[in-house]
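Each of the next two complexes has subunit A plus one more chain, namely subunit B in the first and subunit C in the second.
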Partner chain A sequence: MQQDIAQQPEAKSVPVLVNNGQDGPNNGTSGVGGSRRLTEEEFDRYSRQMIVPGVGKDGQLRLINSRILIIGAGGLGCPAAQYVAGAGVGTIGIVDGDVVEVSNLHRQVGHVASRIGMKKVDSLITHLRGLNTLPTYVPYGFHIGPQNAAEIISQYDLVMDCTDNPATRYLISDICVLLCKPLVSAASVQKSGQLIVLNCPPTPQGRVDGKYAPCYRCCFKKPPPPSSMLSCGEAGIVGPVVGMMGVAQAGEAIKILVSALHIPSRDFSIPLERNLAQPTLLIYTYELENAVGPYSFRALKMAGRKKNCFACGENSTLTLEGIQSGTPNYEQFCSLPSPTFTLPPDERITASAYHEARSRGEIPNHLLLDTREKEHFSFGSIDGAVNIPFGRLLAKAAAIKREGGAASELLPGEVLGVTEDTPVFVVCRRGLDSQEAVEKLKELGVNNGGKRRIVDIVGGMKAWKDDVDPTFPWV
Partner chain B sequence: MTSRPPNGHFTILYFASAGSFTTKNVEALPAPLPLSKLFATLEERYQGIKENVLDNSLVTVNLSYVDMPGGEDGETSDEEIVIQEGDEVAIIPPVSSG
Partner chain C sequence: MADSTEVPIRESETPTISITVDFYGGLDTLFGKGQHKLAIPAADKSGSPSTIGFLVTHLCETKMNDPRTDLFVLDGHIRPGILVLINEADWELEGEEAYEIQSGDNVVFVSTLHGG
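The block that comes next holds the complex of A and B.
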């Protein structure tokens, strides 16, 4: 099975196809259909979708002659690839540098337990081949970055962003603008998902004389501070939520190819007709708290291309050459401005020093606050720890600031032997929230003008697991 | 997900990290409120929300995207949008994972 995959073209040696985005799809035939007869296998395999009004033989041939690039072979990429392959898209490229892990399997439906440790691209292609042998599958078993993005993307008609970090999302969108490729972008974390079709129909960079489709930067101009960005590994993810977004993403991609909306308009004197009626952001929210509540899909009307957009707007200076040589710097763009806390050393203690101090009885009476979410806390905690999730602590602190009230209300009420100067230790998951919590408690005067020590446990429960208790169930 | 807000209020929905920050998905705030005062009103209730969430989020009113007045966009329209009683406002931060 692996050998079979190895015979696919080596990703690193793919020919460079220069496409400045002004001349329509790359070789003039890709994705536009054609009028050949369908083979018997194609006819049997695709009949159920071909008879749907609007698809037909022409639509099916457009799918067969099209090339889709799926970036990310995870929770979005797996279901997306599955439906794109099933529909018969002729060439499917898949980019991902990761390997399959057991924690992926609850949502990444293209992988199975027997392929843990295999490259995700190879695992997913194995799955897709089992589904449909007709498409050509092209594995790119490495991460996409400023160096290789244009070379890879230039060879496809449509891109699906199934990635998991902001820097890559901005990079992919920028390249799609410059190469005139439509981008179907989805994202999902914890209990919510988003889907939006960008740059479709594709319009050359800088055109602002009409209403054109937005790019990712038109919608989200700057990335959120990394501290507020949650990853699936950190915040968790419900399988069906991300699955739903991936499936919807495949649906949009198929729709675009069948209707030939991915082909850049050559004649801008007839501007509006071919544009999608209205750029729309689909939001899905899944409420675990109200198990029988209403389903929450919202379709939000988005604005079009922004005149002054950094990537696609009229004075944009973004170029492929610039991106390749490091301008803009995506990593830096997405890691600013991070509030880096460094409390003075006397307000911090390492996990092992805290453990030793406890064992030696040096801190008999103290309060240990654990600011992780209650789900994390439920797997295990240090003896005596009291759980106050960070979000709740901040909300309480803001309420006290706004409406007045005793700062001591921030602390748990009924812990025996706690007095005004009982020291407080704060621990979180990795050691960032706890520092902010210490700051917040001091700011509100919980330290009683310095009489009470408030101390951060460096590195959080991660450090506790690494340095004190390796059996601790840390997620 | 939401029912009608009480009289004299609009509904505000907090998606993704906006929900984590405010620890709620939805609430009712007093209307009318000029759109230009929205972020300041929220910052007063949830200290730090502007920098951590709002500045990077998109905002919709009654399911349609709105440009925030006073942004650096320079594309704001002349007429000031005022959030009215019964409106539904949504704060939508970007989500990146997948």
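The block that comes next holds the complex of A and C.
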């Protein structure tokens, strides 16, 4: 068969488009295209995936005629783009405003050390061209926002959300609802990952007369308060965990395009048999603290489109024009007020003032508590600092409150020369937890009715690095 | 129920119901890993059948390893950004906090992630 194709003279020239009517009811929509012969290179390159049941020549042509938009060229976007490009999706747009940093390289497999400082979109496209020159790659070297989202997304058949913040996630989903685009969404932090296919097959906003696929808001009505949200920068991320989710995203995208599920159904009287039977939230949990602990995958069945959904539901007032002019306000929606602490000035000291006081010998005997996680502490600390992770401090404080016990147990006992009047300085990563720790210690009477000073170091170890010791290994 | 032998028997005479609870997306660090087999009171203090709302408070009071309850509950309700599934179904289909817990129910709490 290979010979048969390879020896066709026209196979190497401009493909001849023949509409054989095998593309289902929606031919004419972008992403379906007509039938044609595969070029020799296409045939050789994609043969291993084309012979998989369910793909075939028609499936491959659908991939070639499709346009995928990958938003985010990081830990999810890199592996996702790699497989999408390898599979031969015809046009691949990539949106990201960041540049490559060395801390990206353990997981963002599309970037390499020699491209540090380069725009992520350009770095990733360089990598993808090395894999496959056939697709058209479109770089968008800026962040997506309410102003530009619709214009970019409208040019694609399917969107992959590989971003890292809730405001952008809600925006992308809303635009996908309004423009009838399927959305493959994934997220990952530390040791967990999640994946869900949304709005697929796409159904116009407001249709609730049957069972339709949910949007991001149907599944996740409200964002978590910022205080409870962890970013990869703060909580860390295991490379293979986010990589696994990005690869799975590519798998779902390929499946949707091969099966032509990205095309909005035109006949709504037909029950959606082509529908992804049940929207599923895949949850991957990885274990690291306990070496023998198992990983786990769990697929949770999600409900379909919700009648009262703000974006896709019955009485939705969401419009493209509204989004562009600032309604809804995504930043505000995702940054509900969270408690912030500000201690009185006499209970605070700047990192440099603390450093100077120490070097001048003004605070010879004091206790320095460092409330960062022990992993952070392990890279380095101020001389003499004692590590009590914030979570553990709070847990101990709660136990003392509940069961009684001496408040002094909150402090490390074995430090030489510490008496009940020894001043306590508290430092954390960025200066928030330390203030809460000072409050807690005072609340439990560690300050001995004011005889002992308990002081917060403003701005935490970040300020120490910025203002005192630039070589400090702050993470 | 096959599981009932493994469920710890509470000391009091209060009738209990056996359920399983799972936590994902970082909530596992607040409650401990793995599936939790619980015997919860069949009724709350006022004698009404135990609901999901009751379970949430009950979990906070008896099962949480971490004092940061605001990572799980805000203003007496489950914090936004946590997905609740009752027997594999979105809790909105079941009446949310008002759902009356049945013996053998599986309740899953998933904190949604945003990193990438």
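Methods note: the second predicted complex is superposed on the first by the 427 of 475 C-alpha atoms of A that agree within 3 Å, B and C clash if a C-alpha of one lies under 4 Å from a C-alpha of the other, contacts with A are read in each partner's own complex, and residues count from 1 in each chain.
Keep this in mind: a residue touches a chain if its C-beta (ideal position, glycine included) is under 8 Å from a C-beta of that chain, and two chains touch if they have at least 3 such contacts.
Please read all numbers here as calculations on a predicted model, not as lab measurements.
Once the two complexes are overlaid through subunit A, subunit B and subunit C clash, as defined at the top of the document. By the document's definition of touching, neither partner reaches A:136: not subunit B, not subunit C. When both complexes are overlaid on chain A, the residue A:103 reaches neither subunit B nor subunit C. By the touch criterion defined above, A:281 lies against subunit B and subunit C together after alignment on the C-alpha atoms of chain A. Within the superposed three-chain model, A:397 lies in touch with subunit B and with subunit C [touch as defined at top].
Once the two complexes are overlaid on the shared chain, A:315 sits clear of subunit B and of subunit C alike.
In the superposed pair of complexes, A:307 makes contact with subunit B only, with no contact to subunit C. On subunit A, the patch touched by subunit B and the patch touched by subunit C overlap at residues 72, 74-77, 161-166, 169, 186-190, 192-194, 219-225, 227-232, 235, 237, 242, 281, 283, 285, 287, 293, 298, 300-303, 306, 391, 394-395, 397-398. Within the complex, the subunit A residues that touch subunit C are 72, 74-77, 161-166, 169, 186-190, 192-194, 219-225, 227-232, 235, 237, 242, 281, 283, 285, 287, 290, 293, 298, 300-303, 306, 336, 391, 394-395, 397-398.
Partner subunit A is touched in their complex by these residues of subunit B: 1, 15-17, 19-23, 25, 44-48, 51-53, 55-58, 60, 63-65, 67, 73-75, 90, 92-98.
Considering their complex, residues 22, 24-26, 28, 33, 65-68, 70-71, 74, 79-83, 85, 88-90, 92-93, 108, 110-116 of subunit C touch subunit A.
Listed in rising order, the residues of subunit A touching subunit B in the complex are 72, 74-77, 161-166, 169, 186-190, 192-194, 219-225, 227-232, 235, 237, 242, 245-246, 281, 283, 285, 287, 293-294, 296, 298-303, 306-308, 391-392, 394-395, 397-398, 401-402.
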